[in-house]
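Dropping a structure here in structure tokens format, bear with me for questions.
Chain lettering (A, B and C) follows the sequence in which the chains are written, and residue indices restart at 1 in each chain.
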Amino acid sequence: MNRAADTWLIRKATLPSGQSTDLLLHDGVIAETGTRLAAAGAQVLDADGLIALPGLVDLHTHLREPGREDAETIGTGTRAAALGGYTAVHAMANTEPVADTAGVVEQVWRLGREAGHCDVQPVGAVTLGLGGTRLAELGAMADSAARVRVFSDDGHCVSDPLLMRRALEYVKAFDGVIAQHAQEPRLTEGAQMNEGAVSGRLGLAGWPAVAEEAIIARDCLLAAHVGSALHVCHVSTAGSVEIIRWAKSKGWRVTAEVTPHHLLLTDELAESYDPIYKVNPPLRTATDIEGLRAGLADGTIDCVATDHAPHPSEAKDTEWADAAFGMTGLEVALRAVQQAMVETGLLDWAGVADRMSVRPAAIGRLGGHGILPAAGGPANLTLYDPAAAPEPVDPAAHASKSRNSPFRGVALPGHVVATFLRGTATVLDGKATS
Amino acid sequence: MNRHLIAAADLSRDDALLILDTAEELARMSDRPIKKLPTLRGRTVVNLFFEDSTRTRISFEAAAKRLSADVINFSAKGSSVAKGESLKDTALTLEAMGADAVVIRHDASGAPHRLAGWIRGHVINAGDGMHEHPTQALLDAFTIRRRLGGGRSGAGGLDGVRVTIVGDVLHSRVARSNIALLNILGAGVTLVAPPTLLPIAVDGWSCEVSYDLDAVLPKSDVIMMLRVQRERMTAAYFPSVREYSRRYGLDAGRMAMLPEHAIVMHPGPMNRGVEIAAEVADSPRSTIVEQVANGVSVRMAVLYLLLGGAELTGEPR
Amino acid sequence: MHARTDDGNTGDGNTGAGQDGESPGSCKRVLEPAEVRRVLTRIAHEILERTHGADDILLLGIPTRGVPLAQRLAGRAAEFEGRPVPWGSLDVTMYRDDLRLRPARALGRTELPVDGIDGKTIVIVDDVLYSGRTVRAALDALTDLGRPRSVQLAVLVDRGHRELPIRADYVGKNLPTSQRETVRVHLAETDGEDAVLLGEWKGALA
């Protein structure tokens, strides 16, 4: 798919700063900005009322390929990402086989390039087979064509403190970052949902906040001790936000992400025993939502990451304890963030651009992404209509192969109108172009 | 009343009293020469048991048979479930066989909720994970009412009755159902357990909590001992069975601290010598054998009230 | 399961006119309190006559209003004979053939003498005889309780429209009715006064 020669004239888009401008996209870059631009032969898109965000970057996506192509493929997952306004996603390592060698990460990277809906940046496993006992060949993955910089055993916590220390130290050699799934395993054996009033009532084994917070605190101290970069995946508790705020105040190299679902949904949804609401880390309480939103607003939490975790229907059409953890998120993330952060006045659109594109690209060491729209910059853009009337989410209409969206039936504002990847439209008029 | 009996917490006081009053009449019929009633002829009740529980299954089976229902026992062992069939597929199979009601025992909390969304028949929860066991709570309330009932024995609610529940509340569906139902019926509930065996948010429950059994005993009309599984010890919920028994077990000495009229209950199966001493279990104050007999009457009442009348129209929930 | 007490005294619990949800329009009083009293006295005499002094007799009222009727009949018979005449109640809910036509009903009480019903002459007492289905259920219930020597039937009102081969041995009043009409029996014990009311049925089918 080589349409780099496409020329697009986007009229009257609103930049995250609030300024209105025309954007001329040519040859993969933003050739020109200004008012009343003209270009012969250019395709014109009227963006009056639309916000031009830098193409969104997801630090945390499960694309399932290789191994679980019944749940998602790189093709369907990246199309879903484009429809959600993303131009780059980080593909988590818990595939089958696990992305713990240069061979697997290169395969994922290559499949992503072929799919073309957005860039796919593989995340490498920290430990062999996510086993938590021996380091994977982090250097080989870093040196591979995929140029891996983010390493994570996501789904599993690197709970062994010594191994975590070594991983943090080791990746300093190539400016890597360890993205930790913070979950103390002994405190969460058999855990099904947030430990609290609802779990007690429902008789579901609890996943206590402290199991997350204890690991985050330990990892911050380890990162400080070895002077390395720690990224905390899917922060879910108000207490975690406090710890990260404290670590950042010390000047330590700690970053963090929060998911759209943790910004909007609480554990009371488990009352239905419908495992569509089963996720790891679990949905927490209204107090936690408040803490997470405040943390994202003040920058303690650097970015929104989807933790898009597709599952086939049989993994959810079952009793709660038997069901898989995880929710899809790519296609509704921006709308959910508008609902949770913009409608509440906690973030403006410049803030959204920062938390959903600029910072995640920086944490992922991802070149060519996360750059605010400006002449000479890459033409990775998302045109978003924030005034679109709230529509109920219909997972059946999603491009993802899976239907496990917790926002099913929830009316969310906004609409992704178009997505451009290096000047080529991957989404136009809300529809994927290929 | 709802179309299903999934949780005691879903019952209104009127529903609960209706079940107890119906059970009372049915209990009176159970000493007749012919115990069988023709009421549910032609109806099919499936006992769908994913956990071994001979006593509960037999109790439901006896109840259904006394009402002339056809009973199909489906146990997960050696079945398609053991071969990996999902609960949903099992449910749809039972539906196709014409089950009018499914009595389900499952180790996953919420399994009856899920089942109720998949089938059109009535769902009766015979115990789901750590969630609820509503017919146990109903038979316990029935037993308390018969033994301690106010003006006329076996009538009305349990207003003002002081019930103490002792033991592994955290993992106990019996405790959850009992707390809910006893509250509905107006009884006051006190939980006594080591702090490790209480839910973390128990302070939000409508009951008192104490760690001191001896202090609570003289203020109890009913003492309900929960089964304590020895496996809990390995998960460090308590240091040893002996220590548990010393602090939270009911022995003859502690029984003597109870008021004259107080009764001792246990949902069974008992660990004699752990949570309850043999001489307590066998004492006249113990209602343990009565509870079993009352279980059949209460389950007959539930089956009759759910299946005996007109089918309510409406979609499955 | 919206169980309700089956005290509509509509006779036989038959479906159709005169059921739950009825709202009688204009009501005609067919029997006044004094007439109810006289009728019961007559039935008590007839029972004594037909059973040769009520040896081994047991009056069983069908809840709700058959029970006070049985009690009154037993009381009067005892007065005339100068010795107690046993009575009790027989709930037939679990034996009804129309259970599935209505939400499950709360059960009435069955009270029998300690020596049971074997070998006795049972007089089933009910307020209204209509389709005969309640009596059919009562006969089935009796079969499960023992083996009486014989079974008779006493009713305050027979309104006709039998659907089964059943007739009453003692009838207070034969009341020809249309199926569109309702018959309500009021008794002092349950309703504050004695009366039999005939009304137009106006309600919707339950």
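The working rule: a residue touches a chain if its C-beta (ideal position, glycine included) is under 8 Å from a C-beta of that chain, and two chains touch if they have at least 3 such contacts.
Note that this is a predicted model, so its numbers are computed, not measured.
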> If you check the contacts of subunit A and subunit B, which chains show up for both?
Replying inline: none
>> Taking each chain's centre as the mean of its C-alpha atoms, which one lies nearest the mean of all protein C-alpha atoms here?
In response: B
> Which chain's C-alpha centroid is most distant from that of subunit B?
Replying inline: A
>> Nearest whole angstrom, what separates the Cα centre of subunit A from the Cα centre of subunit B?
In response: 46
> Distance from the CA centroid of subunit A to that of subunit C, rounded to the nearest Å?
Replying inline: 75
> Could you state the distance in Å from the CA-based centre of subunit B to that of subunit C?
Replying inline: 39
> Which residues, counting only subunit B, touch subunit A once they are in their complex?
Replying inline: 9, 86-88, 106-111, 113-114, 128-132, 173, 176, 199-202, 204-205
>> For a test of understanding, state which residues of subunit B touch subunit C in their complex under the given definition.
In response: 1, 15, 18, 21-22, 25-26, 28-29, 32-34, 36-39, 67, 304-312
> What residues on subunit C touch subunit B, complex-wise?
Replying inline: 1-3, 91, 94-95, 99-110, 140, 144-146
> Mind pulling up the subunit A residues that touch subunit B in the complex?
Replying inline: 192, 195-197, 199-206, 208, 272-274, 314, 317-322
